[in-house]
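Pasting the structures in now, so scroll down.
What follows is chain A paired twice: with chain B in the first complex and chain C in the second.
Right, the complex of A and B next:
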């Protein structure tokens, strides 16, 4: 059985993979993606990029926190890589 | 096949002195009288000589007579013709027409609509005519002026619905010059749908051979067309694209087409050019028709869309075209009828209006419109891409994002990998489209899903 920390590490890897896929698909040079990196300011990601990341993560992790959480409490703002990881970890934990 | 073999009596059957409802039965009878063994219909074509089944005009005329006798005995309120054997369908339609029995053509996937016609008798391949339900009404005399023909729409613009036509409108397009008589026609549409009825009616009313391939697989269609000497190919652009790109090249090389009639979807310039190059002697026509309106216009100049000067003028059939401010095409069939919003969007490009897609297919990305057809056109122009479909995926961030599927040539050219083909496709989109129109999801698929009308749906499938 995967520990919570292990699961979070897996999610973080999937999030970084999705961000790199966005850079690749849009022909932009890849950047480092530390957890504290700001999606807009540091990584240069816009709303379309974030929309793509969400579709890619739905494919790899099997959830879309935005759609699955429809009607429930609003999620906290998503400004950094860590925010994305935390949101997916919480959604997956709520599911299991 | 030269037109001179077509018996003159059949041409008379098409003449206006035979009332429209009786014209089909009269045409079958006159060919059968002159040449009873002439092949009317070949089914299971494309799988070799052992599998094909041929029905002659003589047999078809006998079936029409049987059906007419049974209709006279049962006096149904109306007849629902179910798809199945195309020969049975032709006999049912011909007999109902001449006997002036109201008729409904209902495809398999439109069965839910039959409830609207609950007192009507359902007729299938055995040509049996069940009596009207005991609690239902029965009818002794039919309306002598204009019996109705009810056809289910294909559901391109919403759930399928029943649309009423007159026999005159059903047969309006089936008046062909004599050079097109006695030819081989291939039927790749469902025979109960509007597009399908137009194909088999034209074939049978002109004493031709209707060739029904065993499947819509491109190899099977190409072999059926080549083996059965088909000269007229009515198809959706999607099917023609598949035949050109992936059908058995020997069979495609043996096809001798004189006429290609595209309909159901807009044809792009690239496909029209490919068709001209592969079938140089064929006249390529694009028909604009809907189940509700029937045929509105046809374009045969080899260019996509239609001439800009057609807008606001009465066309040869009497229809008048205009557009809404957002580019939706409006059609007024005649002065006495109201304008109909078609749901098709057109864009002016130079001296043409070209179709940019269905209004319902438009993708909205962060409030900006994306026409999937434009994306597909760009993807299809990438070397190594055979076909493409673009659609909107729901997104909590931007409303929708553009997703696309591409079909690659098989096998891929040497040195080309799926990864670099995908990168080339995205690069082509980036250089030709605005940023929000570039697909954010791009997947490979072996074959695009098509609906029963042979069209590629642009809404997500299976979500």
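Right, the complex of A and C next:
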């Protein structure tokens, strides 16, 4: 992401906090989470980790893009931290 | 066989809370038991309350027995009247449980309906009701509980209890078969496969998933058996009797307790050896 507004910056902070919470919960050492970091390759996160991140983000951001996507087109692949941030930004924008 | 015998479900979303003083201490174990107003679900709720859990349960209708149980354990029972087929209501129920008790530690997916009859003449409505309540409803409930397990701190009063557990209430007919119960058995067999897969999926988080498969119980569920059928089942059972609700409750108590901390992905058949 080259330009982000305040709302997106808040979302990015929540995403990073959720990733760190997963590391803590699974007793893994935390890693840096730049936006371009690959969830699997760079951050060592698997699908269950991603599910936990999504659950935690539902608590903090109030939406779950996957649960709320009933009947709509499938989401693009989520491979990086920025992909997560963009998905939540789009979901929240669509709600407002 | 286990599960209340009733027709297709219909009523939706009428919430009632049958216990009084709300309290939200976050360190006590909370167990969700679906279908807790009568039968096995009520007996499970009673046992878990006696061991110190808080119990949240829902059912399509209330019962005097559940009201009495809630009165005996003030502030420790949460009940809502809802239809297990209503996913949004089940989702809200789990949220309401967390709001009230602070967390969810165990889930006993017990709610079920059963319509007997040979498949060739079974109505679509009966098939749909069993698939929707017994299978889809249980899956949705467990999904919501697993989401809560993933979101909440792992620390429990008894650390050996782990990060959450699920018990699916299946039936011995899932493995053995029984005429007139093909669809019911299909839903229960589905739950057992679900439990095995989910156990592998969430095991890395310490979440355990098991199933119990009761045989014929000496309750109203088997009251419809003819004396000769009843005698035949008892004769084929090594332990020489029909099962009792307490037999199943004990197994669920075990599977949701610290003694089962290393048990997951299993189906525990409780039928006096009849299935062997």
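Brief remarks on what is shown
Assume the second predicted complex is superposed on the first by the 92 of 96 C-alpha atoms of A that agree within 3 Å, B and C clash if a C-alpha of one lies under 4 Å from a C-alpha of the other, contacts with A are read in each partner's own complex, and residues count from 1 in each chain.
Basically, a residue touches a chain if its C-beta (ideal position, glycine included) is under 8 Å from a C-beta of that chain, and two chains touch if they have at least 3 such contacts.
A quick note: this is a predicted structure, and the numbers were derived from the prediction, not measured.
By the document's definition of touching, neither partner reaches A:60: not chain B, not chain C. Comparing chain C and chain B on the residues of chain A they touch gives the larger count to B.
By the touch criterion defined above, A:52 lies against chain B and chain C together after alignment on the C-alpha atoms of chain A. Contact with both chain B and chain C is seen for A:25 once the two complexes are overlaid on the shared chain. According to the touch criterion, the shared surface of chain A, contacted by chain B in one complex and chain C in the other, consists of residues 25-26, 48, 51-52, 55-56. Those residues of chain A that touch chain C in the shared complex are 25-26, 48, 51-52, 55-56, 58-59. Within the complex, the chain A residues that touch chain B are 24-27, 47-48, 50-52, 54-56, 64, 66-67. Listed in rising order, the residues of chain B touching chain A in the complex are 365-366, 393-398, 401, 403, 423, 426-427, 430, 435-436, 438, 440-442.
Contact residues of chain C toward chain A in the complex are 147, 150-151, 154, 201-202, 204-205.
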